[in-house]
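Both of the next two complexes hold chain A, though its partner changes from chain B to chain C.
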Partner chain A sequence: MPKQIDFTRSILLGFLGLALFIGFWQGLSAGGLVSSLFLPGPLEVLDRFTDLLTRRFAGATLPAHLAASFERFAYGFVLAAVIGVPLGLLMGWFRILDEVVSPIFDGLRFIAPIAWVPFAALWFGTGIGGPILIIFAGAFPPCVINAYRGAKFVDPWLIEAARMLGTPNRRVITEILLPASVPSIISGLRVSAGLGWQSLVGAELIVASTGVGYLMVQGQANVSTTTVMSGMIAIGLVGLALDTALRLAERIILRRRGLET
Partner chain B sequence: MGVIRFDNVGRIFGAKSNPFVALKDIELQVDDKEFVAIVGPSGCGKTTCLRLVAGFDFPSSGSVLVDDQPIRRPGPERAVVFQQFALFPWKTVRQNIDLGLRNQKVAKSERDERTDSILQLMNLATYADHFPHQLSGGMQQRVAIARAYVLDPDVLLMDEPFGALDAQTRVVMQEELVRLARRNPRTVLFITHAVEEAVYLADRVVIMTRAPGCIKEILDVRSIRESENWDSHEKIEDVMDLESFVHLRTHIWRSLREEKAAATA
Partner chain C sequence: MIVLIMLWFLATSATGMIPEGRFPSPQATIAALSHVQFRGYAGGVLTEHVLNSLRLVLMGFVVAIATGVPLGLLMGWNRTAEALINPIFLIVRPIPPLAWIPLAILWLGLGDAAKIMVIWFAAFVPSVINSYAGVRNIEKPTLEAAAMLGTPRWRFIREVMLPAASPMIFTGLRLSLQASWTTLVAAELVGAFYGLGRVLNVAQQDLYPGMILVGMIAVAILGWATTKALGIFEARALNWNQAAVLAGK
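Take a look at the complex of A and B:
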């Protein structure tokens, strides 16, 4: 099948799925089976959503809340990437570091980011450090794991070629392992951004006084389910945009290498 | 200098309880500026021999020496050309060739000069800023040879370098390697399973047998090549037509076939 038609088809099917979902949702709430307080209909939510774009709720408009959330996310995510990717590469190259770090890391990564909330609150109060810690906890492991795997699974003859050419360790990491791992690192960053962004709401539910998560808690407190859903939609949309941007970056990089057409 | 010596070398892989003897009692000396090809069936340990000299692997017994020094690690004085080319896909042709020189901390102006001259020599000048994936297999292997040669190594190790190329490209590369090797002689250890290739390129051909990998026979090609004046023929097919060439080739084939018969018997 030609690529262009394939692409159009998948877009159309995507919209079909979305339409079916909204139709089902509308049917549920309009059919009177569920009270509109429990499950507001799509139109009500849309109404509230557009309203929140300009009207302040819980101290700010929805875009302002989103901006506050995004700032926290960006700090946590960038910190995770800046520490995690080099750590993963180093672990992939120096066996001793791998052996020292792996057991601790493998234990810590199973702790859900939200479990750090008590410590986030204890250590940072409502400052920006708390949410950053929680986002970091979500975003860090995929950065490390994918950089590590990328470094471990570099074609062995490329490593041998580098060693034969007398390449020092530092240069092996920056000029061989890093570029060879880029596809793996980028897919790690995609997972990482997703997990970080997900953890954000958890963080803001408890240790923040702005942000989309906070908006949702306040919506809950005011029994405004449409506000909560508007927050959910905003989170979904931003997450989708983030993922799309990273996927685009991935494709551009792979194409430049001739690994993808 | 670049004298390679295998001194009673053995290499055993696997667990003690279930060992696989890859090499046994290997005795071989490759003299300075000599071109030696090792032929043998797959699994006879010929690549292992090369890896021991490269410093990618180490003998279980005996020793492998270059200029009387045991080998401890890979290094640019023992440059390797791999069957899979092993070019860095994210580096241009020039950057691939440049890396080894940078590692040796050669000054930029000298690096450029040496890279330019090897690019010229290998007919790669117009491709300097291409990435490997934009080149054909033959071109990529030229880059890999240039990357090794530019380091001015004492020893050049070639592990079935033309094995991944199509037959026509292969012939062109063989002719070019002969030209390069005559003009700029190095100690070369060349691994192949192509008999004609070995006879055409090498000063001596080493025939190996399988399980355990031992040297069966060593043939002196150089004296025949010189007495029959092979190098006066520019094309490989003319050399391959000579009676002396056919005779040697047939001898090696027979030797390898006996080996096979012995293995299946």
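Take a look at the complex of A and C:
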């Protein structure tokens, strides 16, 4: 049975766990058990990371690569949200559209976003269009699905009440359907940001000439494990920041609408 | 579906609205399919590529759940383990599985081992998180009842914890499986000797749209089929669990 342990102890244990993890990592590389070419120690990686902040590698500094990646991500994500959310809402609202679009959508959904890479390369070369298409492919489905669920599972009482009061169709959509599906849409956006960011990394590993993914591929080609690991850290940090920002936005919106205390 | 195929036919071969070099017509796709199946492409025939990809996904997936589910259960059950492991997990988790690909290639080369490692990373995280959440969300009265009745530890694990957590565990497995496919395709696109990702990669270099589409469809069908298979397995396993719980009472 789960036993309660107090807060200070859990914090201490957490630090202990981290210390063990990092110590083990440092020990492996410093003790000469594995070559530092294979697994550089945490200090070496940190050193390389700070170095990359100012020194150019694969054509740009780390922040510049990140900026390039983020720009692509923003385009793809915004495009997915702008097309996906209205489509999902309409599918939830108009049954005909649901029946026409759903089978196509379900078929496309099982194609891993990364499998669009060859077509992206064929259609756009290595320009900005390719990565955007792949981010779009990653971020689009959660937008559609959550908006659809939001619209589909609106409390029927609300709609019936509105109907009974003679609310016109257009106002039912803007004043009931849309507000009622906001929580679901927001959580869909959060999921799609995560998937989009991940797809971007994959896309950049394969077709790109800037961006963090490209930095990592170049690091790999030069057998610079520290560079690869610095790239991983940067990607992880940005992904974490994105997720935190969207979680915060989610909470603020829900709270403002009185859905969460 | 039929409408879609007709539209596809109309837009490509009948009217030539979309040029053949951009998106293949249905005939070109079927020709590519027979090409890869009967004459072989990118180092093997289609069935070989499919079997190879399927084998890697299943191996990575099995390794991931064999390590991830027990770890998640342990973290859910034992607060000390949770406090010890969770921070490490929080640090590693934001790194997308695809970002491990260059490191895996550096460590293990282009062979199967690197793919299994990346798939393991991809599938590990969802199986840990969901098993953990599954145990953590067991209702308190259930735990208290078991404690009050003096249920021995191993019976508690087998008859209370596992059945109660299994719906969440299966959710985790489904996410893991999807992550496994995405990651495998990406890993094979970056570098491989065969597999569906390899087919896609060679087709991209050869500017062969029909073959690209065949590869994509194959990936989609496999992803769908394995998810379906997991769903069937889940339905059986959960039924069995419920029956066992009822019989035990």
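Everything below uses one rule, namely that the second predicted complex is superposed on the first by the 233 of 261 C-alpha atoms of A that agree within 3 Å, B and C clash if a C-alpha of one lies under 4 Å from a C-alpha of the other, contacts with A are read in each partner's own complex, and residues count from 1 in each chain.
Methods note: a residue touches a chain if its C-beta (ideal position, glycine included) is under 8 Å from a C-beta of that chain, and two chains touch if they have at least 3 such contacts.
On a predicted model such as this, the values are computed, not experimentally measured, just so you know.
**Q** Regarding the shared-chain residue A:179, is it in contact with chain B (first), chain C (second), both, or neither?
**A** After superposition on chain A, A:179 lies in contact with chain B alone.
**Q** Have a look at where A:165 lands relative to chain B and chain C in the superposition and call it first, second, both or neither.
**A** After superposing on A, A:165 lies in contact with chain B but is clear of chain C.
**Q** Scan A:155 for contacts with chain B and chain C and give back first, second, both or neither.
**A** A:155 contacts chain B only, not chain C.
**Q** Have a look and say if chain B or chain C is in touch with more residues of chain A.
**A** Here the partner covering more residues of chain A is C.
**Q** Look at A:193 in the shared chain and tell me whether it touches chain B only, chain C only, both, or neither; answer first, second, both or neither.
**A** In the superposition, A:193 touches no partner, neither chain B nor chain C.
**Q** Once the shared chain is lined up, is A:202 touching chain B (first), chain C (second), both, or neither of them?
**A** Once the two structures are laid over each other on A, A:202 reaches chain C alone.
**Q** Contact-wise, after the overlay, does A:236 reach chain B, chain C, both or neither (first, second, both, neither)?
**A** It touches chain C, and chain B stays clear.
**Q** Find the residues of chain A that appear in the contact set with chain B and again in the contact set with chain C.
**A** Correct list for chain A: none, the interfaces share no residue.
**Q** Going by the contact rule at the top, pick out the chain C residues touching chain A in the complex.
**A** Spelled out, the residues of chain C in touch with chain A are 1, 4, 21-23, 76-80, 82-88, 91, 94-103, 105-107, 135, 143, 146-147, 156, 181-182, 185-186, 189-190, 200-201, 203-204, 207, 209, 212, 215-216, 219-221, 223-224, 227.
**Q** Along chain A, where are the residues that touch chain B in the complex?
**A** By the definition above, chain A touches chain B via 155, 157-158, 160-168, 171, 175-176, 179-180, 182, 257-259.
**Q** Which residues, counting only chain A, touch chain C once they are in their complex?
**A** 1-5, 9-11, 13-18, 20-21, 38, 103-104, 107-108, 110-119, 121-123, 197-199, 201-202, 205-206, 213, 216-217, 219-220, 223, 225, 228-229, 231-233, 235-237, 239-240, 243
**Q** Once bound in the complex, which stretches of chain B touch chain A?
**A** 54-56, 73-76, 78-80, 82, 84, 86-91, 99-100, 103-104, 131, 133-134, 147, 151
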